[in-house]
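Here chain A shows up in two complexes: once beside chain B, once beside chain C.
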Partner chain A sequence: MASNVRLGQAETAQAPVIVDTRRYSTVGRWLVAPAFIYLLVVTQLPFIVALYDSTFRWNLMRPERKKNIGLQNFRDLISSLTKDSDPYAFRAALINSVIFTVSAVVISLVLGLLYAELVNHRFPGRNVVRTMLITPFLVMPVAGALGWKNLMMDPDFGVIDWVMRTLHFGHGPVWLAHLPRQSIIIMLVWRWAPFMMLILLAGMQSIDEEVREAARVDGATPLNEFIGITLPHLYRFMQLGALLGSVYIVQETDAIFVTTQGGPGTLTTNLPYLVYETAVRGSQVGRGAAMGLVVVALTIITMTFLLRIMDRMLRAQYGS
Partner chain B sequence: MDRTINRRTVLKGAGALAAGAAVVSPFGAALAQDASPAASPAASPMASPGASPVAIAPDPSITGELNVAMVANPQMVALQKLQPQFQEAYPNIKLNLLVLPENEVRDRIRTDVSTQAGQFDVVTIGMFEAADYAKQGWTMDVGTPLSSDPNYDYNDIFPAFVSALSGEDGKLYAAPFYGESSMLYYRKDLFEAAGLTMPDKPTWDDVGNFAKTLHKPDETYGIALRALPGWGEFGAPLTSVINAFGGRWFDEDWKSQLASEESAAAIKFYTDLLINYGQPSATTSGFTECENLFVQGKAAMWYDATSAADLLGDPQLNPQAANTGFAYQPMEKIGSGWLWAWAFAVEKGTQHSDAALAFVKWATSKNYVQTVASQLGWGQVPSGVRASTYADPGYKEYAKGFSDLVLSIIQAQDPTKCCVDPVPYKGLQFVGVPEFVTLGDSVTKELANVIAGNEKIDDALGKIDEMANQWAQDNGYQ
Partner chain C sequence: MAANVRADRNAGTLHEQVSLAWTVIAWVIGLLVFFPVLYIVLTGLKTEATAITLPPKLIFHPTLEQYREIRSRGFYPFFRNSVITSLVSTAIVIVMAVPAAYALALRPMKKWKDVLFFFISTRFMPPAGIIVPLYIIFKDAHLLNTLRGLIIMYVAMNLPIAIWMLRSFFEDVPRAVLEAARVDGAGVLREMTQILLPMVGPGLVATAFLSIIFAWNEFFLAVNLTATEQASTVPLFMQKFITSEGLFWAKLSAASTMAIAPVVILGWISQRQLVRGLSMGAVK
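So, the complex of A and B:
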């Protein structure tokens, strides 16, 4: 109810529909039980185990040193956030995660919008172009990243450098060394812009053709039409794209793993990659679990915030 | 009300999602991207008529089902092809081979062994794990049964490997399958054109001067060296250079020595060499990338594992083969030591130790080398661990450009003496304790940043020194 007030809508009284819930409850519970138990086993048990593990100093390689250290792992992470030297690279990873996610989402949205506007018009070969635009999203992430590293960005054998040399611009930058963050963002955008295009295209196609026609009759130029009709209509779809995009992009590790291994320095280490480095490569189960939990807390805060936006947007469209 | 439900669902869902990620790897399949110095090139199938293997009489008395996890290097893939031969010799052993890319299988093996989960009976492990696993009681003594079989010819194995793979009790806990050290590859034609001569035993100063002369960025780079972050990628050649310059990672009290005069000089030398005369893609170059550069004629020199020699010497795989020269690993104060082997260990918890031992014996025996040579050619033989391989006329003919050199290099390695000054660990191109992975990874990341030009070497030296001390404290060494 509070939400209704928040949304600035008057509460409308509705006739209560009376259903005898008791009749359904027992059967219903049994019917959802398998799904519920499955969910419990695959999500909640690991969560509890992670909570427990996070209180240990525990390197799998050194079982004799396993020791309960209370909240020391969390204190270490906080010290990594506050200390200048950032000994566990946690602050660097947090910053990188924000940089990668925000910039990849924003650029993908803008590019996706342009793609969608392009293929929303009829022109010869439109189907081919549409398929080609979607393709990066369908390429296996690892294969895509390997292609970027070896075929595109390599200073000796890469296409980008070859084009620059052929056009007499001289050698280009060594992408993955001099511009590592930008390179990762380029790979992420390449992969996620098509995804945004799909969402925005769906939005564009839901615009009533009559509205467009009316605008054209009134003398609107294509630019007027895009700014005055398409964009406002797409607003909600862009919100949806931003939400889903950030959920997916925040956990991207393939490109990083394949191209830079988180380096040079810590310039491309994001949070999931740091958790992998700590827990899997470094066998430090306790600290890895603690990192995972902090990431969870941060994700929850961000997700709640973003979901509220989506919630509001759906309510605004369909009423409450 | 909807909001409440929403939030609760989100809380649970998100919590569980990320908690899952904390326990398991955040991404499923690992990749063929290499993480150890032992990746080998695809060997060529150049069959030459060698001595044919001794036929083993089938032994049906040993039974059981064996799960073997192996790194997917070419030598292991060759073993996979020869599985029928094993089945002929041991018809009642059911052999399941799991061959996966290195990063994936390493993580799985490490988890399986350390938790004693019993998923595998036999696993491939590397040099720095053997002694430690033995100490934890996770693996079985394989040396005693192997050395008691005269056909196995235990003393044929190079002593350096036996020493490196033995536990503190002196028993062998993993049988070496194939091994490698390091050497310097160079282009004879470019050296000749520039009027340079490669000494038999070059120093790093020589290498630096050669690189300077031969560096022509539009045609060939002076030298190709690894700088892809990772303890087993960049970490391996870097550590061997640090040791050669008289430096070390730690002193006997596990105080970091990375910023000591000698270590700092070595690290500066390595990074400067790459910045000034190396390949521009250094920070993404591991073994494979460097090998590519050299094979494509883009590098005048390359310092790396001896296992690349098989490929570089083969005209079908390397267009520069005729011009490829092989030289001793460069020295400075001492030699740049390097020793690595993939070895088979038997997990303590196995239900079929007889079958497991039979497999290990079969795969690491002298006879197996002959089997590979006759079935697949000398190029696919697991080399580097047995003196008899280097005495075999078939292999000598196949590897005439480098086999004597490789032999003399490997024989000179002593994994207990890496450095001028004493150190509290074993291992030449790595610090031989299992926790080194994290330290090696983060130090090489930091130094890659120097090579990329984003950080000053002096700042980086301070940082890695602090990292090493922090690591030693965290892991209870200091």
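So, the complex of A and C:
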């Protein structure tokens, strides 16, 4: 069922398939089969089981009380959305997921645009700067987040607080306690801005120099050039970056795991972390599976747009 | 504004000033972004006492004490598990991805685009969506806390990206080369292994590197599916520093350096091809 939804997704995004029947090849199918079957089994099978599990009240600690309750888990989640008390922290997690994803994507895009513009010019040491700028994306997220939490954001010995005191701003905030969401967003942006930079830089470098030259001959100012040529050309790259960033950032749990553990309270609990807390720590398998499916649904919505854009870019590249 | 640098290329000294300013700004921003990494590496070479000294010491007498210390605290098994899971999963990924990518790029079949989009949609699915049933399936299949189990998942995680990335490299091979090979009567296997693979060599290496990077850094699956140093990877060793050992910054930093250095270096080497993998070949 769910796998149909995904395949259906691909179908709507599909271009008119141009198959040269003379070269149509059964060999091709055999070559694709191992990867196809592997992914079908490893990713879709658990997914179908997740659909099934989500219809149970099932506490791993009390397996003898396992009971099919139909869609009750989903009704519970909806009631958690509407009730003030938010009993399963579901509304909080949904809101946090949206806040983290949207703000991290937007800020990363803006910063990534800045990074890309910086290194899209010749200056001494340009390759070194470029290398330094992409590094955060390569750093193991768990290690990076621990570095931020301790070395950078610690209220007593952290570098940020020291800089603020040295510049006579006085003590800074106790980052993870007073500004937990902002702290997580800082870590996410640090990691994802380089990703956006790479995509936007590729976009900038695909601009035809002759178009720029022509604009300059016509008396375009640098600002004209940036707004009139660079930005419109980058538009689809920004779309791609934003959508790819969204499907990845909505999955992010590493920084939350090692810094705030979802707290204080539920201020930094996003959906994937709530799934972990509910199912793994809380042993509520059925409800956890149901929550996981909500994350999947959100992703599918984003992915619909993403696949459409990727399809368009593929067609632009290969003319098919 | 950005384009000043180019527009003023004829303006002599003004141009030089602008590009000096540009150089300074770019370096300052680059160093700011890089600073946390640099500071982690430096702190790993300090004693615990120097590690929390303010102002932060950038010049000091380096020591390898912390590296010896984390080794005695059982870092090695985690490191070994990370090496095994990333290398083995990547090898399997390449073995399955090369034929699939070759076929999807050069031997079009019906519905090839559907197949491509099926692959990629599996990569975009959040692990949180399947972690619960996965845990139970793994428990029943005795895959919990095994390297095998992790490898199975990492292959699934990296296979779609590898297929898309390799496919885009195969697409770049001039068709004339293929035609010539086919006229010569080269079979599928020869065409793929002896003619195409050497031509996409750098792309193949970059694909393997990206797969290693993602597997090495992965945390969510590892924390849910493994428990002890029998199968747990480096991110789980790092997790020990969350609470009890949180204040041992020098040791934390030494462990972090060991955790990030291997794949950061791989990423630096393959940075030119990285964007193709990250964008699934949509951007070159």
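The rule is short, and it goes like this: the second predicted complex is superposed on the first by the 267 of 320 C-alpha atoms of A that agree within 3 Å, B and C clash if a C-alpha of one lies under 4 Å from a C-alpha of the other, contacts with A are read in each partner's own complex, and residues count from 1 in each chain.
Keep this in mind: a residue touches a chain if its C-beta (ideal position, glycine included) is under 8 Å from a C-beta of that chain, and two chains touch if they have at least 3 such contacts.
What you see is a predicted model, and the numbers here were worked out from it, not measured in a lab.
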A:202 in the overlay: touching chain B, chain C, both, or neither? Say first, second, both or neither. second
| message | On the A-aligned overlay, A:43 touches which partner chain: chain B = first, chain C = second, or both, or neither? | response | both
Classify the contacts of A:105 with the two partner chains as first (chain B alone), second (chain C alone), both, or neither. neither
Per residue count on chain A, the busier partner among chain B and chain C is C
Exercise. Is A:272 touching the first partner chain B, the second partner chain C, both, or neither of them?
Worked result: both
According to the stated criteria, A:94 is in contact with first (chain B), second (chain C), both, or neither; which is it?
neither
Go through the superposed model and pick first if A:234 touches only chain B, second if only chain C, both, or neither. neither
- Query: Touching A:34 in the superposition: chain B (first), chain C (second), both, neither?
  - Reply: second
Let me test your reading of the model: by the given contact rule, A:283 touches which partner, first (chain B), second (chain C), both or neither?
first
Who does A:59 touch here: chain B (first), chain C (second), both, or neither?
first
Both partners, chain B and chain C, contact chain A at residues 42-44, 46-47, 49-50, 53, 142, 157, 251, 253-254, 257-258, 261, 272, 275-276, 279-280, 288-289, 291-293, 295-296, 299, 303, 307, 311
Chain A partner, complex, touching residues on chain B are 1-3, 6-7, 10-27, 29, 31, 33, 107, 110-111, 114-115, 132, 136, 217, 228-230, 233, 279-284, 292-293, 296, 298, 434-435, 437-438, 441-442, 444-446, 448-455, 463, 466-467, 470, 475-476
Listed in rising order, the residues of chain A that touch chain C in the complex are 6-7, 9-11, 13-15, 17-20, 23-29, 31-32, 34-36, 38-39, 42-47, 49-50, 52-53, 114-115, 117-126, 128-144, 146-148, 150-152, 157, 159, 162, 166, 190, 193-195, 198-199, 201-203, 206, 212, 216, 221-223, 225-226, 230, 237, 240, 244, 247, 250-251, 253-254, 257-258, 261, 271-272, 275-276, 279-280, 285, 288-289, 291-293, 295-296, 299, 303, 306-307, 309-311, 313-314, 317-318
Given the complex, residues on chain C that touch chain A span 1-7, 19, 22-23, 25-27, 29-31, 33-37, 39-40, 43, 52, 54-56, 96-97, 99-100, 102-104, 107-122, 124-137, 152-153, 155-156, 159-160, 163, 171, 188, 213, 216-217, 219-220, 223-224, 234-235, 238-239, 241-242, 246, 249, 252-253, 255-256, 259-260, 263-264, 266-268, 271, 274-275, 278-280, 282-284
In the complex, the residues of chain A that touch chain B are 1-3, 42-44, 46-47, 49-51, 53-54, 59-65, 85, 87, 89, 142, 149, 154-157, 171, 174, 176-178, 180, 251, 253-254, 257-267, 269, 272-273, 275-284, 288-289, 291-293, 295-296, 299-300, 303-304, 307-308, 311, 320
